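As written, the chains take the letters A, B, C and D, and residue 1 is the first residue of each chain.
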Amino acid sequence: MTQTIRVNYYAQLREALKTASEEVAVELPARERDILERLAALHPRQRDLFLASRVAVDEGYVNAQSLLDGLSGVDIISPISGG
Amino acid sequence: MTQTIRVNYYAQLREALKTASEEVAVELPARERDILERLAALHPRQRDLFLASRVAVDEGYVNAQSLLDGLSGVDIISPISGG
Amino acid sequence: MAPIADILSAAALDREALRAEVSDPAAGAVLLFEGTVRDHSEGLTGVVALEYEAHVSMAVRIIAGILEEVRGEIPVRKIAVRHRLGRVELGEPTILIAVSAAHRDEAYRASRAVIDRIKHEAPIWKREILRDGSGTWSKGCTAHRATEEEVKSQSAKGKVQI
Amino acid sequence: MAPIADILSAAALDREALRAEVSDPAAGAVLLFEGTVRDHSEGLTGVVALEYEAHVSMAVRIIAGILEEVRGEIPVRKIAVRHRLGRVELGEPTILIAVSAAHRDEAYRASRAVIDRIKHEAPIWKREILRDGSGTWSKGCTAHRATEEEVKSQSAKGKVQI
């Protein structure tokens, strides 16, 4: 089922996309990789960055194997560099 | 050849022997172990402590395999506990 | 112990204050790890500052979880962490990790585990600022669980997918 | 760098002063190891202080040699060490080791190597002082070269003869 979710961006992805947030229609249920591929298709110039990113929901990374459903929004955690 | 050398003690050995230093006649050349055995024979109640000690000459530990000769004195480094 | 919301700090980090948080009469070893701004990174020289941003609520939650896990795995007395946000000048601390333990082995292992896991898991980003004011996002690595293997190899770098 | 004669100190140790000695613009990691007086040791409780003595000239020479060796083995920026002599009260530092390095892995390895080798090689002794004023020499270990194996096993304890 196609559902519209809010997608939040940070750091290098936010800067590259020139937005901190957007609404995107995605097919659910979906795995982490499906969501990243969907966003990469929308923003093909940032494909490498999306595919090196992780998806977070409710302040935690999703399990790469899990089927995600009933989402209202996700955070896209582009490659991190804390410490 | 029997030679008289100065032997210096520290910490637990100095306290147990009630002296920081004494003159001892030893057979030279000798290995580290021979010197420690000689001192242990002189002070049999401290035998375990002597056999757990190291011999130092000129501010360095002697090599356990070396034959020591021409010594005027040695430092007996009883088990250490720095740090 | 300070509230976990204090883990991320916009103000300069205070080594002695964090050291005091892990004081413990049963501790024989205290290790203070400090990440500092250095003048270069891979392929970049003349760095004068770093600028940090974070997904704050998620980073606090993830770091607090890492501390809980490490406390469960390694018998330490206390652990305290502070990570900077915003601009940090050359030579200044970007992160402080204080660990106290009865024995040094536990202090070293816990300290190393905490910094490795924060680097691999916490949603924090830095930009390297050059003399001319220009900034570049650090290449970074895909967020993932730091494995024992990586911690042991002590040279975990680059991307690893879980 | 401070003169090597300062390695042993009868005065209280100053963390921030030693930290400042290893500052370096190329350092991305600084590790400060601190040995502290704890209230217990194996089979002994109620420790209120430690009393250190050393074969001073030999200990300074041996520790300076350890620092030279570790600098030769591990690419660090700077290393600085202070070890207390005399009476040190509960919770106070007995030894400080500061290491700066471009990367954290080198800082951890060097710090660990220095403390392990000092503990195994430096002619320094401590007495554990109890509440009633009585003191017992620490059992200690026979002086020997800390091997890589021991440093790796990270649990070198007790006696090992070379």
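We adopt the following convention: a residue touches a chain if its C-beta (ideal position, glycine included) is under 8 Å from a C-beta of that chain, and two chains touch if they have at least 3 such contacts.
Treat the numbers as computed from the prediction; the structure is a model and nothing was measured.
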Task: Walk from chain A over to chain D along touching chains and report the minimum step count.
output: 2
- prompt: Computing the C-alpha centre of each chain, which chain sits at the greatest distance from chain C?
  reply: B
- prompt: How far is the middle of chain A from the middle of chain B, if each middle is the mean of its Cα atoms, in Å?
  reply: 71
Whole-Å separation of chain centres (CA-atom averages), chain C against chain D: 24
Field: Computed distance of Cα centres, chain C from chain B, in Å
entry: 49
- prompt: For chain D, which residues are shared contacts with two or more other chains?
  reply: 35, 115
Message: How do the chains pair up in terms of touching? List each pair.
response: A-C, B-D, C-D
- request: Sort out for me which residues of chain D touch chain B in the complex.
  value: 35, 52-55, 57-59, 61-62, 83, 94-95, 115, 118-127, 137-144, 159, 161-162
Statement: In their shared complex, chain C is touched by residues of chain D numbered 15-16, 19, 23, 25-40, 90-91, 100, 102, 104-105, 107-109, 111-112, 115, 154-155
Field: Residue numbers on chain A that touch chain C, as the complex places them
entry: 10-12, 15, 52-54, 56, 59-61, 64, 75, 77-83
